[in-house]
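Shared between the two complexes below is subunit A, which has subunit B as its partner in the first and subunit C in the second.
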Partner chain A sequence: MGSLFRSEEMCLAQLYLQSEAAFACVSELGELGLAQFRDLNPNVNAFQRKFVNEVRRCDEMERKLRFLERELKKDKIPIRDTGDDPVAPPPREMIGLEAKFEKLENEMKEVNTNQEALKRNFLELTELKHILRKTQSFFEEAAMYHGNQPETNQPEEENLLVNDYAKTPYTKLGFVAGVILREKVPAFERVLWRACRGNVFLRHAEIETTFEDPHTGDTVNKCVFIIFFQGDQLKTRVKKICEGFRATLYPCPETPQERREIAIGVMTRIEDLQTVLNQTEDHRKIVLSQVALDIRVWFIKVRKIKAIYHTLNLFNVNIAEKCLIAECWCPVVEIDRIQLALRKGTELSGSSVPSIMQRMNTKEAPPTYNRTDKFTQGFQAIIDAFGIANYREVNPAPFTIITFPFLFAVMFGDIGHGLLMFLFALYLVLSEKKYLAKKPENEIFEMMFDGRYLILLMGIFSMYTGFLYNECFSRSINVFGSAWNVNAMNDSNTTLQGSGTLTLDPKTYGVFRGTPLPYPNGTGDPYPYGIDPIWQSAGNKISVQNSYKMKNAVIMGLLQMIFGLVLAFYNHRYNKDYLALFCEWIPQLIFLMCLIGYLCILIFYKWAVWNVLNSNSAPSLLIGLINMFMFTKPTWAKKTQLYSNQNEVQITIVIIAILCVPWMLLTKPIILYLRNKFQGTTRYAGVRVAVDETSDDVAILDHDHLDDPETASITPKDEEEKFDMSEVLIYQVIHTIEYCLSCISHTASYLRLWALSLAHSELSEVLWTMVMHSGLSAKGILGAFMSFVIFWGFAGLTVGILLVMEGLSAFLHALRLHWVEFQSKFYKGEGYLFTPFSFSLIVEGRVDE
Partner chain B sequence: MIKIIGPKCSTCCMLTSVWGIIMMLCLGGAYKLRSPALYKDIPIDFKNAALASNQKEVFAAYDSSGTNCFIAAGLYVLVLFFSLWQWKVNKSLQTYTVR
Partner chain C sequence: MGDIYDMFFNMDSGYLEGLVRGFKNGILNKEDYRHLTQCDTLEDLKLHLQGTGYGHFLANEPSPLTVSVIDEKLREKLVVEFEYLRNHAYKDLATFLDFIKYSYMIDNIILLITGTLHQRQLSELLPKCHPLGIFDQMETVTIANTTADLYNAILVDSPLAPFFKECISEEDLNEMNIEIIRNTLYKAYLEAFYDWCQRTGGPTADVMCEILAFEADRRSIIITINSFGTELSKEDRAKLYPRRGKLFPDGLIELSKADEYESVKRVSELYAEYRPLFDGTGNNPGDKTLEDKFFEHEVTLNVNSFMQQFQYGVFYSYVKLKEQECRNIIWIAECIAQRHRAKIDSYIPIM
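On to the complex of A and B.
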């Protein structure tokens, strides 16, 4: 039996690590990834542990690194990924790393604050520049109006009036200018109008270029505005409103000369600032690009150190002997490698005292560890999703590799759809290196990628079952030549023209090659493999296929359930549980065989014995089965009898099946009761190691007296079971009833194989006749274009409905058949998973510390 | 080098057109071989029994559908070339933006 059949043999081991060598040893074990450490101080709060300071320092370093990473992402500088995997640096290097990160962080922060200040300055200047430019036009308009006045030839009086009106306010008007966010302008305008009762005049113009907010880095649109008003009171009011709207006000001189001077000054300052800004940007780039070279390696180093200290926190500290005591689960076959790693770690740290590893005995159930590779892990995941196997229980994963795709394909039989699925999975498999290196971000895609080998096999098996069903996008393919001959019916031309459907009678000579003799030359073989393509055009195609697929489903269900019982046999034998074997397993098998096994035998018998010549007198199996349990005698006359002496055989079978029920129900509890009565309970005293005590002495003491049964037996946690007859009996009753009912219900449940297969073939048939048909059957050259256009729809619907939705539903049903109908026969799934301390998982961020 | 459709769209068109070419060629071939599986999909009026039982008419309908399939396959070849071109355009654009 390969290693896939059962999980790895595990053992609990105790490690004695010298305190100076502990770090190096754990680092080596982390690289190896084969030991699962147990928490020896579960009662100690996380803050009271020994290495909490170191963990905090690592957290701080990680925070700094994350800050730098964020800056890198902001600047879109790619992080160099050389793919190397540095080992955890010794603890003394931590200070160096810390200093380095501290320096980088400070530098980065300084650069950022400088840059922000400069940017703000720059923003202000640019805003001022825009204000000067925009207000220029406002003033020019006013000036133009003013300048135009004298040239108009109007009566003196009016002229005076206009001048009065235009000039007087112009000279006395005060104004403020500033910049405001574009989206605030309408509200600003309204508030100004209301608050100043219409006594102010607002002009605004949009700035075409966008600004960058120096604090958040967003781009914003702004408007220049200028407000004219009269008097100081209004001025204070206006200013307050501006403040309220977070508009920035800039001093704007009144005369054009001054404005021009300021504008020139602003321009030169902007230029200077631009050069300074560029220099800061360059400096930032240089710092960050250096960071980008190393940040990945730093991350790995820091995470490894942190993981090591976390692990060390799980250990028991012995102050007197200056050593750390650890307990870990590890696979028995890997003990040598672990010891080698420990020796290497001790050598690296330069410690003179070797680290000791010792196996311990325990009654606790070890974790379940199934070794997987990239091919089997998808299948193991299906099993683990239901429940982790008990320790050393039969693992259904290797059988699932074949049965899962097969049951899926029974429900998904179509050459075309299978081929598409196969090609998709093939693409994933062939390009797996690309996707393994760079994990896909899309969650659904990642899920499909993890199951790529499963999908590949599902595609292949679907093509096979599609070939059996003879369906390719719901059309049949005539590979071997149909066994039916229409000409042999010798229908007259009038019959042919008259009716829509004609009967092909296989009893007529020459019509069906598979008809057995009485005819000369009437023999031959029926369609050699799969369903004859002629059925595609037959009117009774569905009822023929239903009968065939239903029987198939029952047979496959029985086979899988019996296979499950066979695996249960291996479990009982491995556990040396002969009581369960003889008092549960054997009656279970007999019961199943009597009920469903007999039905399957009848199915084969009926297929073999009845043929086209006497098929109209074939008895119904289902009614026969019901009659069997009602002890109704089958007779030839009523066409209910299949073979002679059927009644006697059936009565025997029913009696055996009924006898199996008390056998299952009573023998085991009775034997347990008798055993308990005569043997007493002494044998329940077991060996138990005190691992739950936190104090140091207890652990040491335990170790010293590990092989001494007397000390071991007095340790507190003896799992002494009290024999309780009623509990055993109730348990047995529940299981017996469950099993007997499940024989019927699970067989019925396997009929979903038929139902989904029917649904799939009907759906693809509908898709063809509703969509493809309308393109193909169009007349003339128009048909070509219609086919061209309609095929897009056909392709989309095929992928969307038939491949994705139908595929998902068939997948779920196959999953259910495995989890419920198959695994309930033998699989407990109450174990827990082996999660070794491994850097490769931690560095990828898959394990959250 | 003009970009008309995006990278995902061009990939999708490419795959669909490859599928379309293969499937249309197969269908066209099947029509030319007068496959009975496609009998329901030929342009003929089945209510008109005289027409539907006339072998010449039926074969002509088969041929016309077959030709149409080949033409559709040809159209998909055009789509394939178009999407290949667009795919290359998109690819070159991608490399420019990254470096």
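On to the complex of A and C.
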């Protein structure tokens, strides 16, 4: 069987690594990514482990790198991605790296502080420049008011002030000027007014250009303000308030002459500063562009070192023998590669003593490892989402590859919709290299991308079932020519004109090409593939298709459930669980066959035996099934009998089915009970077997247990589980009831195949007749125009409702049929996933240590 | 009313309640504290905190770590979480969260006024203010000389204005005065908060009134004990008692007459809830202080608040629990930093 059928065979191995070779060996194993290490010191705190200092140094390096990365992002310098994957450098190189990062960080910090100081200086000067410019207009205004005082109709307080200004000597009115954040202005103004009891005059003007906060780098809007007041007490008060609102005050001379002089000085200083700033910026750019070349490689190196030390922390340290002991799960077939990696690691480190790998015996369940590729991983994900398979349990994923898209397509059968879905998936598949390289941000898109092969198959299968249903956007395609002939009915003109619908009676000669036997010259075959296109326009289309699809659903359901049981058989055989095979599996199969299997046989029988001529007297299968359990005798007269001796056959079937119930329920617990009673002898045998094992293995196991008293105390308990008859019995009762009920309910559940298929075809037909048809039925130029406009509506609704929403619902139902109806027959799903120590996952940041 | 309230609760605040319950699961448990107390250095502490809900909150801090950096980061994390809740809160919950902020505002104002009184620079005081209690006018409180000034010029626009009514006077600000202002403000705040919760009704009232009543009683008792030997008169003291707790009204009258610790104890022991808090407290080494007992009781109340659904109490409790947790971590960190391990276990475990 293929590798996907069962998970890889795993084994627990013990590694003895020389302490000087351990780093290189783990590094090689990390590149390989095939070993899952177990934590051998679960009771030791994170900070009490051996290599905690090394981990801490890596943390520190990572922090420095993150700092540099942030600086790069701030300056929008692209990080070079050469795609190469450096191996973890040996520990002695760590010091070099640390020194390098330290130097870079310090350099960067120095540049930053310099730049910040310069920028702050620059900011202050620019603010001063703005103050000088803006206050100029304030002063000019004041001067203007002074001149034209009588004409002004300013608010009262300003007038008062200007009056003061006019009357009192100029020097007595003090003022401060400064800059404040724009959003603080209203509160500032109010507090000023309140605290100074209205005795100050504030003017402010917005500065149009935005500033950059030198510390955070954010852009901020600021306002220039000038406050006039009288007296020293107010001055201190105003200054305090300014301080409270973090306004920066600047000296502003009173005469225009001085202001102009200062302004000129400021301008020259700004220019000087600008050149210095540019130089610092260039220097920063140079440093950063060097960093950008290597930072990705550094990140990978540091992460690898850190991961290695994290792994080493999981190991047991044997001080006496100067070696580290590790335990890991690994696939049996890969042991050679792992050993090769160990040898390589030992050679690289120059250690003289080889590293040893030894298989261990364990009672613990190994992890489940299914090797997937890009095609199968989507399907495996569906199974894993339900539950990770037990170790070496039959994996439903390979069968899901076909059954899942098929069941989906049964509910989604339409050539057109399937084609659109197929093309979408094909696009994803063809451009997968592009998307793999650059992971899409959108979560929904990523989900669809991960399931691209699933969608592709769903599209293909939908086209197939669409051909069978003969539906393309709810229209039929007449490929082979319909097998029905209206002319043969020889309807009179009155009938043709009088009634809206015509009856095509297949009993009439020549109306239906495929009519079975009684017509010797039956004139050929029915429509060779799928449903005859004439049904699309038939009035009784739905009732015919319902009957057909319903029966199909039951048959497909039975087939999938039986297939599930077959897989259960493989599980029992693999586990050598003959008790379950004979006491559970066989009665289960018989029970299912008696109930649903018999029904399916009747369906085929009825299809084969009843034909056009005697279809009037065909018995109802559902009533027949009910009567079977009521032991009502079917008769020809009541049109309930299908074949002779039916009653006897049915009674036998029901009795067999009923007998299966106690078989399932009781035999296994009774046998278990009897076994337990005579357990004394078997246990004795068990001990002998343990002694027979090679002395080496025993020693290792003992050693392991000594180090880890907790597991040692648990292990013997696991080995001999206490037998509790009542528990076994209750468990068996629950499972028997569950199985018996599920035979009925799961079969009924498969009817969703019919229901969703019906819903889909009805919905698409409604969409056609209500939207597209109305567009096509308009005449003339208007019609051309209309059908163009309406087509887009139709297309939008088709994609939105039928493809996305209906597709999602069909997907969910197919998912449910697999998880519940199919997998409940054989799948335990109580395992745990194999998570190997692998650099490729760690470097991508997908694994958080 | 209760049922209808429940029905619509999730519509407005369901997301945030879920969020806060999720946050609450990140609160350190006994095991975590046990590990923390075993740390030898602050680096160990950082390493262990990385494994908890705090994640990499210290990852970008250069070594060596100091306690103040840890404190700052812890606080920052709480503030970020709280601000997220506040920004997404709607209607009543927004008011409720604002109420939580008010207590920090009061603390900040008092801190600033006291600081200015002691001639400290504003730039030195600001970093000490709790970031949850920062508001626009806060930094200007330093200009006020009298309480009337303080109110008229600055606080009248702030959300604290309603609480300030009772403490307006023309007296100069001095140390005694500030204490009185703090307690009066707190009293007004607690009463307003209590009344608001009462009006909101439903499970919020059930849970919050219990917690706030305890808070009020705790304040009354602490004020009384701290007032012994100061110049605060008994009448003035009685004015500071929040009148919403279980001690109100009889207990408060008795408390106002108290002259010594024993009589406070006698009064409190009449109330079943507070009786155990006074048992076995003392200042001897090994004994728990009354304050610790109060903290423990508060933690119990706050943890219990998570038992009820469809109420705002969880938000209050989360903030308080987180605050307690920050105090615990800082305590442990200080003990580690000062190599004073004898008392490292006197933190207050939460879960």
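We take it that the second predicted complex is superposed on the first by the 715 of 849 C-alpha atoms of A that agree within 3 Å, B and C clash if a C-alpha of one lies under 4 Å from a C-alpha of the other, contacts with A are read in each partner's own complex, and residues count from 1 in each chain.
Methods note: a contact is a pair of C-beta atoms (placed from the backbone, for glycine too) under 8 Å apart; a residue touches a chain by one contact, two chains touch by 3 or more.
Because the structure is predicted, anything quoted here is derived from the model rather than measured.
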Contacts of A:H773 with subunit B and subunit C, given as first, second, both or neither: first
Partner chain(s) touched by A:F791 [first = subunit B, second = subunit C, both, neither]: first
First (subunit B), second (subunit C), both or neither touched by A:S27: neither
Touched partner set for A:F245, first subunit B, second subunit C, both or neither: second
A:Q646 touches, of subunit B and subunit C: first, second, both or neither? neither
Touching partner for A:A195 - first (subunit B), second (subunit C), both, neither: second
Contacts of A:N316 with subunit B and subunit C, given as first, second, both or neither: neither
Touching both subunit C and subunit B, counted on subunit A across the two superposed complexes: none
Complex contact set, residues of subunit A against subunit C: 45-48, 52, 55-56, 59-60, 62-63, 66-67, 184, 187, 190-191, 194-195, 237, 240-241, 243-246
Touching residues (chain side subunit B, partner subunit A) in the complex: 16, 19-20, 23-24, 27, 35-43, 49-50, 53, 64-65, 67-69, 71-72, 75-76
Partner subunit A, residues of subunit C touching it in the complex: 35, 38-40, 43-44, 47-48, 50-51, 59-63, 122, 136-137, 139-143, 149, 152-154, 156-157
Of subunit A, residues touching subunit B in the complex: 420, 475-478, 493, 496-498, 533, 536-537, 769, 772-773, 776-781, 783-785, 787-788, 791-792, 795
